[in-house]
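A, B, C, D and E label the chains in the order they appear, each numbered from 1.
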Amino acid sequence: MVMSPTKLAAAGAATSEFESAVSTRNISKNYGEVEALRDLSLEFPRGQLTSLLGPSGCGKTTLLKIIAGLLEPTSGEVEVNGKKVTGPGPDRAFVFQDFALLPWATVMRNVAFGLEMRGVAKSEREAIAEKYIKEVGLAGFEQSYPHELSGGMRQRVGLARALSVDAQVLLMDEPFSAVDEQTRRKFQEDLLSLVQNENKTFIFVTHSIEEAVYVSDQIAILLPRPSRVHEIIRPSNFRDKGVDNIRRDSEYLDIVDDIWASLRTYVE
Amino acid sequence: MVMSPTKLAAAGAATSEFESAVSTRNISKNYGEVEALRDLSLEFPRGQLTSLLGPSGCGKTTLLKIIAGLLEPTSGEVEVNGKKVTGPGPDRAFVFQDFALLPWATVMRNVAFGLEMRGVAKSEREAIAEKYIKEVGLAGFEQSYPHELSGGMRQRVGLARALSVDAQVLLMDEPFSAVDEQTRRKFQEDLLSLVQNENKTFIFVTHSIEEAVYVSDQIAILLPRPSRVHEIIRPSNFRDKGVDNIRRDSEYLDIVDDIWASLRTYVE
Amino acid sequence: MLNRSLSLKLLSAVILFAAWEIAGRIPVSFAFPTFLESMDALIRMTRDGTIFEAYAETLQPLVVGVAISAVLGIGIGLWVGLNSFFDWLFSPIFIVMQAAPLAALIPLLVLAYGIGLTSKVLVVCIMAMPVIVLNTSSAVRNTPESIKEMGKSFLASDTSIMLKIIIPAASPVIFAGLRLGVSAGFIGAILAELKITPTGVGDIITYSRSIADYPSMYAAIFSIILLAVLFLNLLERLETVLFKGNQRGYVSD
Amino acid sequence: EPIRIALAETPSDELAAFFVALDRAKANGLDYEWTAFSDEELAIQAVLSGQMDIGFGTPYSAMQRSKAPLRIVFQLSKLKFFPVTTKKYSSLEDLNGEPILLHSRGGGTDSIANVIEERVGMKFGDRSYVPGSSNRVAALLGGRADATIIDLSNKNKLMRSEAADRFNVLEMFDVEASDEALFGNLTWIQENEAQVDIFVKALVSVWQDMHKDPTIVRRETNPDGPIGQLPKEILDELDGFYADAVAGGLYDPNGGGRKAAMADMEWYSAAGQLDGDASTLNIEDFWYLAPLDAASK
Amino acid sequence: MIVFGYRLPGMSSLLVWGLLWEIIGQMKLTFFVPPLTKVMATLFEVIATSAFQKALAETAYAFGAGVFFAIVIGIPVGILMGKNRLLDELLLPWVNVFLSAPLTALVPVLMVLFGFGMKSIIITTTLFAIWIIILNSRAGVKQINRSLVEMAHSFGASPVDAFFKIYFWAALPEILGGVRIGIIRAVKGVIIGQLLISIVGFGALFELYSANFLMSHFWAVLIVLFALAFSISEFLAYLERRVAYYAAKR
């Protein structure tokens, strides 16, 4: 396989030119007999979006939950802003694949839920929630219940909830997989502008190669269990060509093809 | 909007150079108050794959079911091979988005189900089913149950079932939307070779613009309710460039962008 | 279409009551009064207040029993659902209790607790409690993992997870258990009045039967069924008011 | 076609003599089957509606109200009931205004209470109803009641137990009226005269033999019958039970007859179950004496 | 429950409760609770008597017949309600009423209408079981995945084919669930019937033993009955699990 110029050597390689917001060091995770992750190290540069890409069951969700502090690694450690992670913390927010909305609560209460848990007073948290509801384009739906919204709208509620707690790191587990393709394209464009405008670190899990290449500053490719980082790709040159042109940039297409070539053998 | 050379004028326009396997004429469909389709006419050339593309809720499924004979149009008519459609018939087979497999039956029985309904004797239908199970790459799974298969494998069972009745027209309603992205890419390539090898007419519903452009000989774009055909696109020039190059062909990319431009405003 | 469903409901009621009336007129049995006779008896008993006195008696064990079963049942259910040791220890008891015909215990209850309110309340409790406990515990156990995780990732304390996630999420199933429990409680209350000591409505039923006043007996039976159905509808309303968004089940389904 | 007998309780010690009589009747060619009902009212209703031929109970109010031609043919037992109280009370007068436990509303103990009120000139307080003398004994023992009316065998059991010194059996007048009687529909009785005769004859013979020797009940009990199959604990007490019963005058060796009928009419009018003055009532409206007369010859 | 790395079997805690029972019994706290060992000894005695076997036979007969009618009537009615809207709207309110109504109050009516023997007990049993069977069969038909029906239709299935090859199988998990709950209710119904109507079967044994204070007999029969009820419900739960693999995936 020809190494493209944007492809770095395997795990742990020099990303030192960037400051890391999150770093995972020698993470292993066993579920009983099943070895999901083995000795995985990876740096997530601050203010950028890193995608985790890999075949189904390779441990992407596991890694994300370890970073979130929802799972304990069997060995190894995670640092966020130089501090070791021991559990969930206010510096990280999670966007769930299945939205994880409270079905009995209105959009307003769902978005404000993170703040409610942090003990923010009602009027204040509703003001903040209001702002983010508007930001994700759901103004007017504050009093609706989740079951009254479409899949895409529900995912936006989850996003607004994660944004409203103002965490520095956003962890997103296949956030767009439950919405239809065209909506998804829209979301990808929105996500790009979000990364640009908010100075946050995004960690993004997806199954879609195009999506990963389209939205990421850095892509970590994981191979099947026990997973380690197979390669890290930093698409760098087409970032500035504007939303409309990325998808026809030849570097973009090269990267997609390369990734496809390396993952293809693991599909079914 | 710049008209690309491959874009034809709106509905009903000259596809006369091809013989039509299926034609729909002035179809309207109302669900009570809801007007789903209005005066829709469309020709489906024999031996080719036509995609229906459009925003959610525009009536793609409705149209497909009318062609299948599962729904009656409020007005207008459908002809398959010159014969008016009055109900389901052996000339058409349906591939369902959610696979529609019998969960209590083995792969063998599921694949043979269409033939069973046509009264084919057991040994004969199992021989035929056997062949198609092999063809879609499921050899060895004849005695498995659907719940033991992955999403991709299930969809292949549905495909084998539709193929085994040897209908001339295959109707596919978002057949790949429930399988993961990487498997989906594989399926698209398989579909292309299927269209090439079998002399069948395919009608394919999808939400994915890339998918539509990638696999289709003809794309019909529908806009929101009440739906009519907005435009018909016949990607013609990149067909022969080989599987690997299609996705970076500039015509391909132009078409994708064009379609996205016209659909974008209707997304959420 | 609300009109259609309402008018069909009325129609089916009319059909049933007409069938009753006709059967009573044939008559199927000398002890089978017509619908109108029964309603007449019901009105008479309502006028002279017998029915209210009777319900004052009947509702005592019922209300006390159902209240105890609800509070204790939900409490134990939460406890069993959240703690694997208590689950192991108590679940089998309630599983056996739910499957078993506890009516057989009535003679024993009478021996142990006499014939007063205590035994009757106990009958209501043993009928109502198992299903409430089992529904609550399974609802708690089946709280979708992802919303619990969501709570954790947004730093919810254990109490908040319990109060703001687990209990609301479990509430539809808990309410379903409550409904079943209340209806079993009604069965128990009537059983107690027929089997232990005839008081309240049970007394009207047995006494009218013993003096061959069948319209009154049917009126009493009719009224208790009506009351049970009204009560359960009320419970349903309460649930709708309390947990509005739950009506459509889980969004993540 | 076998005759269908409606019992008003499950077969137990009190029915042992009855089953002995059934066995004797069977030997004389009576074909029968029995069903146990949970209370007397149900047995009466079953006979009224023709689902059963002959039943247990004292259906006086049903006879008068329903106008169905029910007739009694044999008095099975008398209303031998005993007011038992804790030491708090020592005579019936003391119970004025006090709560009391009885069997069921409109039942035998209820009528006893009514007659006590009338004869003694007092009024009980709250009456609560607990079916089953044994249950009322349990309530007494458990301290949940201070006064009740219970049957002979339970009175004896209680007064022989260690707890006897906590209770008083109050003095009461003698009652000749029926507690349980055998009755049927007159039309049916007349159509099946022969069967009924065999049955009543067997009853009379057992009732008379029993008065000579109470142990014959235990001895003649068929070990494979419903009584013979009772747990040993119950069978062991049969002799004692019947000795007490005979001594206490619970059973009339002559099956009641006219004497019982008169007593019943008087008693049940006083108790409020029969309307009208006892002297205006007609024996033939309540009893059918032919089988008993035939058996006594 | 996991202790020292071993998973304790689900029902094993009953042993603990049994032990507690034995201790309370041995302490002679109350005569209502004789020691478990004594109850078990009585149990073997009782099982051998013909009175017990007769009670068992009578109860089994009433139960079997009641459940039979509940199933044979309930399932078709439920399926029809699921398929026919008018029928559904006419019957559903009553099914719901009777599902939650205190059926014990109806027992006196049954006695009047159907007599005082086995027939009424059987009908009581049926009434306890049938409503939930109807409701579940109906729900089973209602939730059938539209696309399965359309699939069969698109391959030209006849209505009869569709009924036997799609509807019945697709509704089977719900139907079995309904039958299981129905049967549990039927066990209660048959005992309530035996206690309230004519005292036969186990009802008669309970009355007899409690009236004569034979506590260990009482508990022995109770244990047998509980065990029977429990095994029946577990057996049906097992059947339900057999089809569970597709219940979630229709």
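The definition used in the following text is that contacts are C-beta pairs under 8 Å (C-beta built on N, C-alpha and C of every residue); 3 or more make two chains touch, one makes a residue touch a chain.
Note that this is a predicted model, so its numbers are computed, not measured.
Peer 1: Starting at chain A, what is the smallest number of hops through touching chains needed to reach chain E?
Peer 2: Minimal hop count between chain A and chain E: 2.
Peer 1: Between chain C and chain D, which partner chains are common?
Peer 2: Touching chain C and chain D alike, sorted by label: E.
Peer 1: Counting only C-beta pairs in contact, which pair of chains has the most of them?
Peer 2: Comparing chain pairs, contacts are most numerous for C-E.
Peer 1: Based on CA centres, what chain would you say lies at the far end from chain A?
Peer 2: So the chain farthest away from chain A turns out to be D.
Peer 1: In angstrom, rounded to a whole number, how far apart do the mean CA points of chain B and chain D lie?
Peer 2: Roughly 86 Å separates the two chain centres.
Peer 1: When the centre of a chain is set as the mean of its C-alpha atoms, what distance in Å lies between chain B and chain C?
Peer 2: Here chain B and chain C have centroids separated by 53 Å.
Peer 1: Can you check how far apart chain C and chain E are, centre to centre, with Cα atoms defining each centre and the answer in Å?
Peer 2: Chain centres of chain C and chain E, defined by C-alpha means, are spaced 18 Å apart.
Peer 1: Which residues belonging to chain D are in contact with no fewer than two other chains?
Peer 2: Answer for chain D, listing residues that touch two or more other chains: 45, 49, 135.
Peer 1: Would you give the residues of chain C that are in contact with at least 2 other chains, written as numbers and ranges?
Peer 2: 29, 31, 110-111, 206, 209
Peer 1: When you check every pair of chains, which ones turn out to touch?
Peer 2: Chain pairs that touch: A-B, A-C, B-E, C-D, C-E, D-E.
Peer 1: Touching chain C in the complex: which residues of chain E?
Peer 2: 1-2, 8, 10-14, 16-17, 30, 32, 86, 89-91, 93-94, 97, 99-109, 112-113, 184, 187-188, 190-192, 195-196, 202-203, 206-207, 209-211, 213, 218, 222, 225-226, 229-230, 232-233
Peer 1: Write out the stretch or stretches of chain B touching chain A in their complex.
Peer 2: Those in contact with chain A are residues 55-56, 137, 150, 152-153, 177, 180-183, 185-186, 206-211, 244, 247-248, 250, 253, 256-257, 260, 263-264, 267-268.
Peer 1: Would you mind writing out the residues of chain C in touch with chain D in their complex?
Peer 2: Contacts found on chain C: 29-31, 110-111, 114-116, 196-199, 203, 206-207, 209-212.
Peer 1: Quick one: which bits of chain C touch chain A in the complex? Just the residue numbers, please.
Peer 2: 144, 146-147, 149-157, 160, 164-165, 168-169, 171, 243-252
Peer 1: Can you check the complex and tell me which residues of chain D touch chain C?
Peer 2: 41, 45, 48-49, 61-62, 65-66, 101, 104-106, 128-131, 135, 138-139, 142, 144-145
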